[in-house]
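Heads up, the next two complexes both have subunit A, just with different partners, subunit B and then subunit C.
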Partner chain A sequence: MAKSLAAEPAGLGRVMSPSGTDYSRALAVRERRFATALLAPAFLALMATTTFPLLYLIWTSVHRMDLAMPFADGFVGFDNYRELLQDSRFWASLAVSLIYTGTTVVLQVVIGLALALLVMGMKRGQGLFRIIAILPVVLSPAVVGMVWRTFMLAPEFGIVDYFAIMAGLGSQNWLGDPTLALVSVVVIHTWQWTPFAFMVLLASLAALPDDIYEAARIDRASAWQRFKRITLPLLRPAIVMVIIMRTMVALTAFAAIFTVTGGGPGTATEILNLYAYRKSFTELSIGYGSALAVALLIVTVLISAVLFAVRRAR
Partner chain B sequence: MNMRGQVHFDRIVKMHGNFSALKGIDFTIQPGEFFALLGPSGSGKSTTLRILAGLDMPTSGTVVIDGKDVTALDAKDRDVAMVFQSYALYPHMTVFENIAFPLEMAKVGKAEIEPAVREAARKVKIDHLLDRKPGQLSGGQQQRCALARAIVRKARLFLLDEPLSNLDAKLRLETRIELKKLQRSLGVTAVYVTHDQEEAMTLADRMAVFMEGQIQQIGRPSEVFAKPNSVDVAAFIGSPPMNLIEGRYADGHVEIEGHRLRTSHQIAGSRNVIVGIRPGAMRLEAGGLPATVDLVEDLGDTAVLDLTLGGATLRARVSDGPVPKEGQAVSVTARPEDIHLFDATTRKRL
Partner chain C sequence: MKNTEFTRRAFLKSGVATSAALAAAPSLLNGAMAQEADLAPYKAAKIDWQQFKGETITVAVIPATYFDNLITLAPQFEALTGITVRFEKIPPAQIRQKSVIDLTSKTGTYATHAADPMYYSLYAANKWVEPMETYLSDASLTDPAWFKLDDIVPAWRNANSVDGKLLGMPYDGEVTLQVYRKDLYDAKGLKPADDLQTFVSNAAAVHNPDARVWGAALRGVAGAGQNVYIYSSLFREFGGQWFKDGRLTVNGPEAEAALTWYVDLMRKYAPAAAQNWNWPDIADAFSQGTIGTYVDAHSSASVVNNPEKSKVIGKVAYARWPKGPSGKRVTSIWNWGFPINAALPDKRKKATWLFIQWAACAETQARTAHRFAGPAKRSGVNRISIWQDPAYVGLMRGFGDNFVEATLASLQDDTDVDWRPRVPQWPAIGDTLATAIQSALAGQATAKAALDEAQKRIEPMMRG
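Coming up: the complex of A and B.
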């Protein structure tokens, strides 16, 4: 039985399969070579722009490379890393990074989901809402930082400060006070990137079938129960995906904070990325800066490993 | 038995923009009745069921369940169970969780849920599949899961929207019989939507025939079959459908293509009519209408003949006697009481 089944399509197989005859085998080899030739430039470019700089980064991180004191340069082994573990500013910047990432990601998902649910319920104007929502995303983070710094947060003139005064809170030094500055950069990042979470979750929501919500109404589920028992579980893959993508971006955020506070006041908004930058290009300790960058890379990889494990779980 | 589940529809109208999906629906369903909404696709059956379930609001009119006006009540407060045509199972829950869901929503205790779910699953023969997700079930099993979810909570109304239409023919027949037994044993009021007249005929205690947003006729299936009150209903009920031929009535006879047949109808005067004769009521006997056999469909115990009679085509189902050959000339007739007459202009039964 099995034999006859296998025998039947053999005629077809000879024509189709690359290993059928010498001729087709030669053709397959030629085709594979051609494919390799086509792929090679892109592959080399990718190597040159990702793998090579990464290896170079690790290489510099085990050296002392100080542009201010070039005479002291040389291989130092893990000295930079040992120093890093003792460095309270490293731990502080790591803490700022984690706070910044945690709060912005949670806010983006919660606000994005709330907006998506709201817009799904709208009878008209959905299209307009989507267009307005996409605007912050297409702006450069550096531009966003400048806009917030000048139009929104400037004392007396900024829109946010104006509302604070109107609300009786008085004018605040939004970027000068350590706590307010951290809140401000979190708000700015959330403002810019919530639309991304909103759009992904809106698309997932729109793809959920209507009939199960009707079934749930028949089954006497309240609006809250329908959200908790049906919407959330079905949206879970999309939510986890948004969390993963936004976490990666938040951990390596740079431009907006750089233009708004530059990491200050003091080190109040200095995320790890910014500290590595300052060490390397302000204090010119490239070796130590590289070690900081490698540490950031390790943190990022660890967190994404955890998140992907969560995604795979059930 | 329980006296819950009485339904009354009073002048229900449903508009979609300028289009009226329902043009004034009235009916009453008695407790424990199996009531079918029968009609061609697009005639407003699902709309009616959804308004009864509380999933859609009527544009005007009142829905009364058990003496209480529920028109403004949402589905979740109506205490009705429903089987959707698409089944609408919760894809992320197991069969057990799907069936348990309506009980959990009603705050039934954990200890009571487990046996209730098993009992419902056993009734529809899926108690061995409780750990599966809907995506791992066949169409028939999904359908049973949807049934179990609907019967588990013993709601006062059991609504079904074409529940068998996605099953293959054999399974459809089996499930149809089980469904009837299930409804009998539960003693619950069932409202059943279908476009399949055979399903409605076999299942329903009474049925409402829908056409273009209106009910054409309500009655027991046998009544509707025996006395369709319009040409449209006559053409819809019965398989193969009733022969409908233009003719003329005069003093106890109808004249078709120049030939006369006696009818038991007594109407004053003479008038243009549409004559209806069921294929099964046609007899191959001498002294009737001369016709030619076009096609013979032999179904084993019966045969369906396509006949040409002047410009008209008729179908006859014969179950005894010799089956004529194609091309043969025959004479067809019907007993006077088997001849239905409809007015040629109003298309209503005379």
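Coming up: the complex of A and C.
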């Protein structure tokens, strides 16, 4: 990636050189060197901060690196990966990750789209609504997690629990029950990030041409028909983009779950990311933790590839 | 207009407050200076305190009053030795990881840190810290007659030793105790529980959620230092052995019985939220009068006696752990100790030792406890002699009936070195066990299923 960038200005230099004289060729070479020199620091910084750590992660993942048993450390090939495939907690955390990602993304798109359609119909107050809607997005996930844990979901004292009691559902242990805890973290993520989908979809809706709707109205298309046949197809690129972006973030989510449940109760909300963290930094089994992180990377890349393919098709 | 006026006023007000604080500062400084002048008790030690003048060391501690008091007195240490000390406060949840990362990378960032006793086996396996013996036996560095190592709580020294070698000097510690509401117990004619059965029946007797009083609460939140902290005592009281035929075992009938007892108590008599509570949450709830009894660190007494928040002052009493079916009482052996980072240059190691010696000596322990000028007094001093000092004991009695007696009896009779399994793999084992306990508390798995699963995960961790 960075390499092709480095080549580009040099290529431009060649195109711009007037003829094939020696002087201009020398100039082009010099210019290419100069461009390389200019790009080198950024290229090296990029290598040092992204590529190198990634390679080191993969390198670590084929080693046994266990701080509790330093005498057993060493190269183990694919042992960590073999162990990973038989690790029921890996599969469980992968399942939690997929459920978490799937539900949050669907909810964000559906609610975001519904809100966008509603707000589009508003005559006044759109600006205010947008400002209010954007607030959760700018908060740090860790802060959101703390707020929900203490003010919203605490049994007996939290706002959500208060409404549950009012509604006759009784006090619930929102973060203590395995199913409710998973529902809670899904709701928290959806609450925080739906405004993002909403803003993107609202902007795309505003850009849709009016004349198509007018033609449809003349043809007596119902509201549902207009939505299904016109709005959805025209919004498709925006929706797919939102899905891609939100999926990547949800797969690698960490802070909110870490602060709200820490993966608990038990392992009910332990996403793959959190499991990799606990293996590496709590259990100090860094080799195996790296293998888990690489597995997460592979899953994320695969899912993104599928989504990008879907985007390109049609 | 109104707005600007308001902000100006607010600004003026805060200005007044600041200048008042500034005006008060010299008197505070004078106080510190007065203390600073009095270095005579330290100079009685037959060592040269100034031998590492000019060194700088960094010490990682947790944000807690017992360390804040030490930080306040640090200028005295600097005056005494000419060594500069920099403190870094790291929350308890991160200090273990941060120090392990520092130790494993051998950068020597933290000359010493507040260490978890359960981590010394890990430190020893990697040779990350220095044995204290090297420094204790060097006459140019330590005056044994002045330092009096034997005066430091033996249980804590044992907890910080691996293969008989002391690796970290205890600074402040705690034991777990029964804390109960005297008024509620008296009203029902109850006595503090002598065994776990009575503990449950007491909880049942005072349990009245309609009047917002729950019978009992224990730490439920997952963590090697949270739910495992309480569970380990139960496991040992039910007769559990961590090692069976040299093999670390966390399941089996005793473990199941202990975990079942824990789960039943929490389900029946604790608020539902307690499953996610750590000790501050329990102490807060207790101080609001909503909990009948709990078992937790004796240091939580300062929370339930906080005059600004507590509604139960004067109604609190203490007792030792209730006995388990095995007839044993098993309290926690917890202390924050100071080890010496082995990655330091030799001279700085010795300078660090001077700091540790200063922090752990009887004089500094007294100055940070009952003789401390500020409002917060420590309840976890490391010296037996201070626990026998009438001035200190008198102060501690203020926490409620039987506080001093129960704490001392627990420290002397109820500690058990094998309270938790002391192996280098503890961080992984503790986390696995914590997850198992929590899944049983949450009803995700039965006690047996949770513990069997934990055993299955722990076995490969122990294989070399």
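In the analysis below, the second predicted complex is superposed on the first by the 279 of 314 C-alpha atoms of A that agree within 3 Å, B and C clash if a C-alpha of one lies under 4 Å from a C-alpha of the other, contacts with A are read in each partner's own complex, and residues count from 1 in each chain.
The rule is simple: a contact is a pair of C-beta atoms (placed from the backbone, for glycine too) under 8 Å apart; a residue touches a chain by one contact, two chains touch by 3 or more.
Quick caveat: nothing in here was measured; it's all calculated off a predicted structure.
Room for both subunit B and subunit C is found when the two structures are superposed via subunit A, with no clash between them. After overlaying the two complexes on the shared chain, residue contacts for A:Ile230 are found with subunit B alone; subunit C is out of touch.
In the superposed model, A:Leu175 makes contact with subunit C only, not with subunit B. Residue contacts after overlaying the shared chain place A:Leu67 against subunit C, while subunit B stays out of touching range. Set against each other, subunit B and subunit C differ in how many residues of subunit A they touch, and the higher count belongs to C. Look at A:Asp211: by the touch rule set out above, it reaches subunit B but stays clear of subunit C. Of the two partner chains, subunit B is the only one touched by A:Ser222; subunit C is not. With the two structures overlaid on their shared chain A, subunit B and subunit C come no closer than 36 Å at the level of C-alpha atoms.
Within the complex formed with subunit A, the residues of subunit B that make contact are 53-55, 74-77, 79-82, 84, 86, 88-92, 101-102, 105-106, 149, 153.
On subunit A, the positions that touch subunit C within their shared complex are 67-72, 89, 154-156, 171, 173, 175-178, 181, 262-268, 278, 281-285. Residue ranges of subunit C in contact with subunit A, taken from their complex: 97, 100, 104, 122, 125-126, 220-222, 271-273, 275-276, 423-428, 431-432, 435-436, 438-445, 450, 457, 461, 464. Within the complex formed with subunit B, the residues of subunit A that make contact are 209, 211-212, 214-222, 225, 229-230, 233-234.
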